[in-house]
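One structure, as structure tokens, below. Some questions next.
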């Protein structure tokens, strides 16, 4: 009886299994398979097995920029994630104050960047970062800063990319953090206050530990999402100047659709996925977010 | 305005606004608590007991009135500087800290040296017999153990004023009794002052030096527990205290007696004197003061055996009377029973104001 | 295996696995409940009471043993087809439905016509005096009202077997007493069978036709409440029942008497007979059966005034004895007190097994 | 009335003042780009170059761009397609995420954690690598230029992420709610749908939002799997107007953005309560 | 997107006309021929579609047994076409740029038309246009237009079209000083090398040698890069870091005097500037005396190989009829008259020239603009359609952006471009064994 129930319970997981396996198992297998071939536009109908050559090329041949791409991907992912989370958390803390008025108004306005299609916002932002005509240079001009060639200088390009990405993403982090903050029992703060804790102490000793699991979950999923977030780099800098802001996913895209090097693009994607999966599994393990209650 | 009391509340008013509706929770509460005294605030749910404690601790600020602790007015002092300790209704133990860290928390905030902290925590843990649990996490504790941790955390500070909000409410009857005894013991030993909130009167009677009865934002009574129990100053207090509570019956005043329906109950002449000039009063008589085997006839509605004794619900015309008897008697529904009510054990209340007459 | 009982549990075993650790919760529980009987399962927290109810309802499946309802073996029947009703410890009122919809829910599932549903809901709501609340949402209800809604939902089905898991645990003492009376009344009127779980013995004594005492997964006793109270069959039962519970004291057996330290307590000869051949036994004596004014000297540790009576904690050498007295006596800590223990009110238990000897 | 707590009031005022300052600045930053695009859409000069600080307060307002989009282009066909895909994605995602989340939280399914992590990791593979094999697969199953194909493609990622969110949420709801319903006559599955699903409303609303956003704003998959013009979505139409058609019609592009963005914002603001309370609104309390 | 930028002409030829998903159906009469259906992806712009629909109606009238199933609004289609081809579901007939189609042909996705049509057919087109569709002597498409960039200028600021770069610089400086608008709007920062190829040639450079090996590391490249660097960063007559979109906006709003762009954007400029608009060939580079020579590319109709589309021989026959018809005289005259496309069909081209010379174009200023555009056709270079070319765009972009970002010198940029391109070719297996010889340069 019990055994039958356990087997029956698997039926609840059937839809997601079907959905994900249907949409990913064949594509993933296919991608793995062609990454061992020379499939490209010029070996289109007839391509052949070439073993690990694509992988060896990517990992050893400096022309494939692998180290640089990995470094850029890390800058992009970590550089975006940290300010996003800090800003999201900070705003959530501010909004969580019980004596604050107009909370809904502020919160609604913070939702706007999230609610607007990212793809459109990015096109707007690419105009705003423009050297001669972008509104940003005009605004910083008001306080006497000389115009900056945002997208054509590596450092500034990173700044622009990350700021844009932060703008796009902070609402998501703010809302998740805010709702997690609101679920912390108020008594915990009150007892600490009675026990002599000031505002900073309460933050460090109660808020942070209570938020740990949310922070980790949001951090892990945010890391994965940002790592594979294609549009900001693609639309704003296209990886430039040079390849100095190019990241793995954008570069794979170029390999696939500019050079029609489907096999190489697959190999890049698979390497990227393996790196990501290893990190995700480590983070899942460490954070125990999949553990049950209690 | 100041008195010699250790804690003094003077004319405290407090209201809350919920969606433009104003709820008056406290309406001029004044209360003096002496040093080393154990005061219990007793009252039904939702009548402002917690709010009062929160005002004392500074977590809430009163709309009007003053709070003095040890002679000093504290209204402008934030909670962390009032040197009070508090136990919350639901414990409020930090779920992510071990028991040790929970108890040590107030000391760490005072930046005491590590060794001293460890020593103090160990001492108080031994006092509460939780020294074996110090390494556990809260989710590994039973309700009673959590309770002790919360109390330990409050005690370790060495605060002179301890505020406790229904600290035993979530415990088993069994454990509750033991915990109650220990707490009382501890307070005697260490001599701190306690303001304790509960809606369980057994607890109030067992623990309190004085009981403050709070209802509808007003102190209904403030006195020694047995005094309140024996001579409640109004019918609300009478109906609230005692389990089962006092029977309250409308009676007609007669010469040297009162009339319950057709039954005449003789009363002492000094009482009779005081009832003069009234036609109807409310008579209060404790269920345990009614004896079986008298002239007053009723029919049994229900018998509740409660171990030590039984409660028999008796219907006399439209009045329902509860009688406590020795548990060996066994009446069942429908039985006829005869009761004796002795006039000199009864109290009398004004029919309209509900105040005690005598 | 079958008997004529309405509900029959036969040798029920159940264990849980938590992180590779196996916890044996029920270890061979057998229980017969007759039609129309009100059985209370009483036991400390975490000893498997809820688990037992869940097995009866089918929400949990036992590892071993059989459940029969009305003569039919139900082990392979899912909860929805067992025709039982259940009230959960935390009410489990659907927060997104109105009170009416909550109560109507089981009827809607039976696809009764709308008018009939409305009629039945109204009836049961009147019975429980919540007919005015039918349009409210659960968050607008007080604890006691939620309680009634949960009970109404269970009653409306007309199920013959009602399972209730500490239904009154979250209520005020005051309201709890009233609710208790109403429930008992209702059950008498409608005649359904109830299995009721609680860890509050007052409740058990007041409600039960029979009480099943559960501890460590084993039924310690199953009998009429007063019988258990008066003649507990082992020391655990003795120490669990009664508030304060029975005093349990190690005594030496002497000719026609027992020795508590140096004090001799005479016992009737038929009891003396049964104790023959033992050197030590455990004497059980209820706190209310100890009188003040005797030869046994002790010092007062603590006096708890509980309104109706007071509990005095007395230390005699290393034994602590609780004595219930009239509340008018006023002893304070350190007073010397003299007690009288009458041997024919005492019970005696085997020193090693804890079983009742006589 | 006596003044009580004046010293504490000063601290409070400083704290609130700083809070409001930060909030106002962030609100401006949040709204500004959108304001900028709204202004541009109302501006008859179709040029980014003509936007100056001064033009942030428009002097002439023109609705030409809106007219062009709504009546010169098959806007409503695109809108219909986008909405159908978004709706389909919402339905599939919510059902799958809910069932999976419920199973993860409630049911004893040995190996479920490993299984779900494995499924999650499969979805890490970027669409760059999956788009061609998916195309081949869809082509052989005749799913190119269909709603089903895209709806399924959109649903997979949202479902699995949503399942995690649902699981975390259901963990906070006592199981007695479904169990009461089971005793009252529902099977486990139906108890989940009738009782647990309404109780998880906040998180379900959140998953709906994610699903909607994913489908409504996607460009890459739509571009790969839709060739037929009458199946175009808003993003494809937008890309055509903004990029393919050499976007000199900057104001048209801006107006398109506004038309496309406003419904989402309306939904977000309507769902604000749920978004804010994803964690704390669990029905159990 | 970047994939489209790799060849700007790709993006000009797409469309979204949603009129219907199939043509207006053949007349019922099934004559001697058995009915056949061919699938077509149409990549025309909206104005071109008006012309195309007329042509289509005529086609179906003439060949009632051929049912043409058109998918309109196919944008940026090369990679979509490849995916569809991999699945064996490519359209039978497709329209793409000569260079992108060249890749598809080299990959075996397109039919070698030389095997089906005799050379008399090919000789009906402008030699440069048909040659754009020639890879190793095989013809894989029939052109329907030629396209290239010219110099557009605003007559309000520019008194006469500069004929040399020296004049160009002078005028730009003057305009800048006098009117406070940009002399030139040329967004170097986002260049992928399509337009830059003209200047590279003007400074004496050649993209590939006859073996198909890149020749980017040359003084020509260095000089060309520096020339534009100076105009932008030293003289400041050309704005920094702007996109092509912004270039156009600056020019149309009168904030820039000169722009280099193709006739596909003519409509926008005419409607913005009207009679102030002028067009002329790109100037002669003063240092070399050579004229800047833009790529002359073509767009045209191709037929998928049976492996890619699953077409039957009968469908191929119908497709051959179709592509000849839509690149025929009438069809290209429609395109010229309605959309302003420069015809690739010789007779149409000549007819268009005649119209221009006779001043038959209204308004009259449009005539002189078209004349300027036609004149540029004399000074172009062939648009390489060899597969190696696909490595040029991103490589060029990478280093030109680094150079303009001040991270490397012009010399380094030129060196890196060439070596990176060669390395890319090696890594992808196109070097040295997969070199396709370039047919003779036509101009």
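Per-chain numbering from 1; labels A, B, C, D and E assigned in written order.
The rule is simple: a contact is a pair of C-beta atoms (placed from the backbone, for glycine too) under 8 Å apart; a residue touches a chain by one contact, two chains touch by 3 or more.
For each chain, UniProt lists the protein as follows: A = Conserved Archaeal transport protein; B, C = ABC transporter ATPase component; D = Sugar transport system permease protein.
Fair warning: this is a prediction, and the values are worked out from it, not measured in the lab.
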Q | Chain closest to the middle [Cα centroid of all protein chains] | A | D
Q: Just list the two chains that share the greatest number of C-beta contact pairs.
A: A-D
**Q.** CA centroid of subunit C to CA centroid of subunit D, Å
**A.** 53
Q: Return the distance between the CA-based centres of subunit A and subunit D, expressed in whole Å.
A: 16
Q: Just give me the whole-number Å value for how far the CA centre of subunit C lies from that of subunit E.
A: 91
Q. Using CA atom averages as chain centres, what separation in Å is found between subunit A and subunit B?
A. 57
Q. Taking each residue of subunit D in turn, which ones touch at least two of the other chains?
A. 48-49, 132, 136
Q.
Among all residues of subunit A, which ones touch two or more of the remaining chains?
A. 5, 127, 130, 133, 256-257
Q | Residues of subunit B whose C-beta touches two or more other chains | A | 78
Q.
Can you tell me which positions in subunit D touch subunit C when the two form their complex?
A. 174, 176-177, 179-187, 195, 198-199, 201, 283-284
**Q.** Residues on subunit A engaged by subunit B in the complex (per definition of touch)
**A.** 185, 187-188, 190-198, 201, 205-206, 209-210, 212, 294
Q: Enumerate the contact residues on subunit D facing subunit E in the complex.
A: 45-50, 73-74, 77, 131-132, 135-136, 139-140, 144, 223-224, 227-230, 232, 236-237, 239-240, 243-248, 250
Q) Can you name the residues of subunit D that touch subunit A in the complex? A) 12, 15-16, 19, 22-23, 26-27, 29-31, 33-34, 36-37, 48-49, 51-53, 92, 95-97, 99-100, 102-103, 105, 107-110, 112-113, 115-117, 119-130, 132-134, 136-137, 152-153, 155-156, 159-161, 163-164, 168, 171-172, 213, 216-217, 219-220, 235, 238, 242, 253, 257, 260-261, 264-265, 267-269, 272, 275-281
(Q) Looking at the complex, which residues from subunit C come into contact with subunit B? (A) 44-46, 142-143, 172-174, 177, 180-181, 184-185, 188, 199-202, 205-206, 225-226, 229, 240-244, 286, 288, 302, 304-308, 311, 313, 324, 327, 333
